[in-house]
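Next come two complexes, and both contain chain A; in the first it sits with chain B, in the second with chain C.
And now, the complex of A and B:
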């Protein structure tokens, strides 16, 4: 007899509990504000320093280099959403969102590019991005004298300065003698 | 082929293929199938054999050890077959993208499949580490045409 009433009891329990299934694609998802989702890089603020590239564990942020340009590439497909780039960004250009609906049928949708033009040294080789140089000069005013030089030119000027003090002349003569 | 993919919009039977993942994405798949999220609302059913499946859920960076089995399983799925890459590992290799023992994501797998003459009709990519169960439901809704995709490529110039 007890067995016969079992389905009826279940209906009573189900009626008390009600519907538990969420209607997800047709209503909002269940995410908290602490959820770590997609990062958004602001091209207005980014200085192209590459701190995020060094911090990124899966190399989702990569710096593609050419003589004239530095391109910051963000590939969402490889990102593990750890938000370490947000912690290390010196200018706060990277913002975190709670966005997670990233499904796509085209891999090209997952790429973000930010192109930086390089500042050129007097010898012609490309150095750091223009914005990064401006940022460094703002932070430490003394560097204005040598911030525009590439590492090779900077080394050369240092050797020249040392040789001027020790030997008395500069340039090729100092190296040969 | 577009017509054949239209036919898949009725109900998608999925086969779950773990290719060396850490089991986080696999647990999220099970979470999506529980009554709370209930993927069966969309006709999704987990099947035991790739021969019965419409879509293959690929989790993990494809390790060299699992590569022959993955190719066999994909070959066994009937056309039209959909490949759904779940999680960062399957989409682009994740933190294993340049290790010696993995192929490095579904892009490299597609190249290998092309060499062997195995065609895959549609590839969907669901980034996340691990994916949320809602992200899987969103991908299924995207295949069925219930929602619009949100991500788009961005190219910005800073001076």
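And now, the complex of A and C:
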């Protein structure tokens, strides 16, 4: 007999709970502070190194290259909001937000571009972005002259240096390796 | 033999005997088989059958090689019926022929060109043949009534297609066509992603138990590379896995109530579930697809504040859930629709190596968390609910009890969680190693197989639990009233996108020769 009336207890549960839905968007959304939302890339801080491009699982971040520009493109449509780019960015240029209302009328709103001009080597080929070179010079004990060359010219200058020195360790190393 | 894995190189002529010995005499469970194109490495194809000895916590891998030209391997389906699907999959994707059985197309669409095997290493990952759409109808039988269910939404709103054959109101037969949403992610991972990116891809195999997949993948790679992952990371993985299990089971219960027409129960179950979703977001940063797993550890720590909040939410959920379930399970319409419907007898459950709550409701006492301990489960004590009835009610009750056990596991682990780092710094993943991992997802054992390569896996194979459970539906639905069919299909908690990840459709009507 008791079992028959058991289902009626749901009314008690419902009464105790009351209304749980909220009037979004007139009330704030139900998200916690830990929520991973949209990322914002600071054009001032970004050095165009491409670490985020390598880490991004869905290729939402891409590096577009032309002879004198490197452009970091962020496409929201592909982004899975994993924030791996934030983990790997060496200069902290990417910040996470709790923003998630990203619908738009204009498709182009979904793209963000960050343009970097390339530093040119003396031979004319475009190298890494100017800012990245500055960052490397700040961090690593190498001379500016060396850093501003393209990989090909670096190789050439090493061979030149070796061929100038008929004896000595540079020559020795080059022969054994 | 290495760690808890036994590697056996089985010559072709002894494969069937060995498999029979393991499956029938040693009562190991059959998990899956993996075809690998090893031609760039050693000029052969290979098939690895994965068994687990649940009583001794052992993985047993039976590896057989086949010639590069016209690869042929004896079929083990006569002694291990559960191997049916995975053999067909290896046939579709790698062109390995299994001697001693019928072949039909399981995974690839009917219109896929003959002789193109997508997982062979010489097929580019972006190969796209022109495929025309064809009818879903599997057969044109006129003697029996044919009720098509799908290809949209029979159970949990995913694409799959069932054809039920009825005499009056009684179901007499069933045919299934799935793999509509095969996305070829194994090929994608093997071709252009790196180890850390695949965690996020693995998480997207399933929308409900995604974290199981990413954990399983990460554990498999860690096992292959022999990485010592920090204890704290393993605890966090276990805690989040259990949070996911609670949300998944609550979701299922809600859907089950909805199917029997008890929508009030559905609404209230999902109201309680919402608290768990919020908790997941608090712990990981996202309501679903948590994205905190990496090879070598996790990305987000649990601090004291979150720990207290978690315990508080769990206490609330626990008491509310107990109260609700007692009411909902006693509703007469729920009882009548669940008790005695969709019965799966134990003998078939063993034969088909079914997984998870479906197995446990049919009297098979297996749970990878206890039998093949991974992450931090060895530090928690919990009960594995087992029922003998094998009907829909038993499957529901297994899930109800598991929710309460999961709450207790999280409480125990939060209490014991050790201090320390959560991520392993600097490690290398050597080439050519093999790692197999079973993770108990809400639906059953989820298997990931990883063979490491340069910068990315050489072969990555995923076997979702529903893959083993769908063949059991034929037995559950036989001689049942038609009205119970949707509920019974839902009762295995099918997750078609997980199952289908491997490729697309099958063509002729022959499937599931069992029963």
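Here is the rule we go by: the second predicted complex is superposed on the first by the 146 of 177 C-alpha atoms of A that agree within 3 Å, B and C clash if a C-alpha of one lies under 4 Å from a C-alpha of the other, contacts with A are read in each partner's own complex, and residues count from 1 in each chain.
By definition in this document, a residue touches a chain if its C-beta (ideal position, glycine included) is under 8 Å from a C-beta of that chain, and two chains touch if they have at least 3 such contacts.
On a predicted model such as this, the values are computed, not experimentally measured, just so you know.
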item	value
Touched partner set for A:104, first chain B, second chain C, both or neither	first
First (chain B), second (chain C), both or neither touched by A:57	both
Partner chain in contact with A:22 - chain B first, chain C second, else both or neither	first
Chain B versus chain C as contact partner of A:3, first or second or both or neither	second
First (chain B), second (chain C), both or neither touched by A:13	second
Partner chain in contact with A:81 - chain B first, chain C second, else both or neither	both
Contacts of A:162 with chain B and chain C, given as first, second, both or neither	neither
Which superposed partner A:130 touches (first chain B, second chain C, both, neither)	first
Dominant contact partner of chain A by residue count, chain C or chain B	B
Which superposed partner A:31 touches (first chain B, second chain C, both, neither)	both
Chain A positions touched by chain B in one structure and by chain C in the second	20, 30-31, 57-58, 80-82
Complex contact set, residues of chain C against chain A	193-194, 196-197, 199-201, 204, 264-265, 268, 271, 274, 278, 281-286, 289, 291, 299-300, 320, 323-324, 326-328, 330-332
Touching residues (chain side chain A, partner chain B) in the complex	20-22, 24-25, 29-31, 43-44, 46, 48, 57-60, 75-82, 99-105, 107-117, 129-131
Residue numbers on chain B that touch chain A, as the complex places them	35-38, 41, 88, 91-95, 97-98, 105, 107, 122-129, 131-132, 134-135, 137-139, 141-142, 146-147, 149-159
Chain C contact footprint on chain A (complex, rising order)	3-4, 6-7, 9-10, 13-14, 17, 20, 30-32, 34-36, 54-58, 80-84, 87
